[in-house]
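For reference, the structure discussed in these notes is given below.
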Amino acid sequence: MEELVPGNSLITETPQEGRELAILMARKSIRAIQTDGEVLKAGRLKYAEDPDRLIDAAHVVAVEFATVAAANHYWRDPSWKRDHRRPTG
Amino acid sequence: MEELVPGNSLITETPQEGRELAILMARKSIRAIQTDGEVLKAGRLKYAEDPDRLIDAAHVVAVEFATVAAANHYWRDPSWKRDHRRPTG
Amino acid sequence: MEELVPGNSLITETPQEGRELAILMARKSIRAIQTDGEVLKAGRLKYAEDPDRLIDAAHVVAVEFATVAAANHYWRDPSWKRDHRRPTG
Amino acid sequence: MEELVPGNSLITETPQEGRELAILMARKSIRAIQTDGEVLKAGRLKYAEDPDRLIDAAHVVAVEFATVAAANHYWRDPSWKRDHRRPTG
Amino acid sequence: MEELVPGNSLITETPQEGRELAILMARKSIRAIQTDGEVLKAGRLKYAEDPDRLIDAAHVVAVEFATVAAANHYWRDPSWKRDHRRPTG
Amino acid sequence: MEELVPGNSLITETPQEGRELAILMARKSIRAIQTDGEVLKAGRLKYAEDPDRLIDAAHVVAVEFATVAAANHYWRDPSWKRDHRRPTG
């Protein structure tokens, strides 16, 4: 299966990076479901034009972010982050 | 990617500020999805006029707030907050 | 921004009060989204008449309550509550 | 506000009772939203006849139960339950 | 009220059994809501034929499973399971 | 009941494998509900063609992943993983 967790780690340096990871994980998840034996839709998903879908997508990001934030102990302690940071690459 | 977590921290002084952060994170998340390769809709989202969408949006805020509240140990102990407060900026 | 967390605390004396806080937080959240740059709808939201919306609203209350309950250690220990009760005001 | 948490406690003797509490809390929550300034609908909600609404209602019960189960440490240790059981009455 | 948690325990031997319990709990929950004062629908729910409802039902199972998995400390430690296994029968 | 948790364990080596497990669990869950006494739909679910369903499916994956990630302590500590890895086979 293709890459589902960029960097193969949930540990990030900052909340901002954690949020970006959450968005990427949600996107890759949608892509993994979409490509499974189906014809990939030409062009991009149109959910970005539909308020309903936008809020649903934001909901998924919020759930993914909850996991990433817990993984990083909510970025409370800077020293902890140094020891667990995700591999660059 | 644009700023997704204002102040780049989940730590806030009070539940009120935590709630405001949750609302902002939800908004920035919607904006990050919306602007990704799509034409930004002229004007604002109309979800504020639709009861269905309002409740869905409130749901996302509740999920974001759960993460922010956990990050702040639910603002139980005032002394803890002083040591972890988010950088002003 | 207007008041989003009544009393600016998640700590309550009892589960009943915690539940009331969860309902209030959900309501204030909807109001904060609704009033943001939009014309406030005349009259009240009609979701109370629609079974679909009622269940969705109850879902949001359940999510808010999960946070409030965790903040209060589920009101397990009465002595804990005395030390952390939310300021009256 | 009317009673929202039967017995004003999340502590129950067994998972079965915890589940019943979760269902009751969801029902009382719907009622609290519904009666707030609105005319109570004659008769009962029709969601029990609609598969969509049934699954949505079951979802709310699952979320409420997660909170009740956490409050009871998942009923893992019988001795713990004896010390924290909810007041009868 | 009828049986809502089979075996009246959240403790299972394995993740597989935990998953089966989650599915059963979701089903019994739907049944408890459905039978409450309403005429039971002849035949079975048709949600199994509708992709929308199937995903919604899978969502409920995921939420129930999160609770069951937490109850069992995610089945990490085999020795723990021996001490807390749910009563047979 | 058929296999619901591949390998009958929530422990995985990496976040990538944890994500794959979450997707598989969601799929098997849908299949378990679908086949229960109903005629299996000819062909595959069409949700992969519908943006709404895709986001809903991604939501389920996010919830399943939250459980898998918690089970693995978010893959923070490599040495922990060696002791708890899921049985191959």
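The first chain written gets the first letter, and so on, giving A, B, C, D, E and F; residue counts start at 1 in each chain.
Keep in mind that, in the parts below, a contact is a pair of C-beta atoms (placed from the backbone, for glycine too) under 8 Å apart; a residue touches a chain by one contact, two chains touch by 3 or more.
Owing to the predicted nature of the structure, the values given are computational and were not obtained by experimental measurement.
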Going only through chains that touch each other, what is the minimum step count from chain A to chain D?
3
Any chance you could name the chains that touch chain B and chain E both?
none
So what angle, to the nearest 5 degrees, turns chain C so that its CA atoms land on those of chain F?
180
Copies chain E and chain D - interface residue numbers shared by over half, same or different:
different
Determine the centre-to-centre distance between chain A and chain B, using the mean Cα coordinates as centres, and give it in whole Å.
16
Roughly how far is chain C from chain E, centre to centre by C-alpha average, rounded to an integer in Å?
28
Residues of chain A that contact two or more other chains, please.
47, 52, 56-57, 59, 63, 66, 70
How would one label the connectivity among the chains shown: line, ring, star, complete, or other?
ring
Using the touch rule from the top, order the ring's chains starting at chain D and going via chain E.
D, E, F, A, B, C
Chain B contacts chain C in the complex at 14-16, 18-20, 23, 44, 47-49, 51-52, 54-59, 61-63, 65-66, 69-70, 74-76
So in the complex, which bits of chain C are touching chain B?
1, 3-5, 8-11, 25-26, 29-30, 32-34, 36-38, 41, 45-47, 50, 52-53, 56-57, 59-60, 63-64, 66-67, 70-71, 84
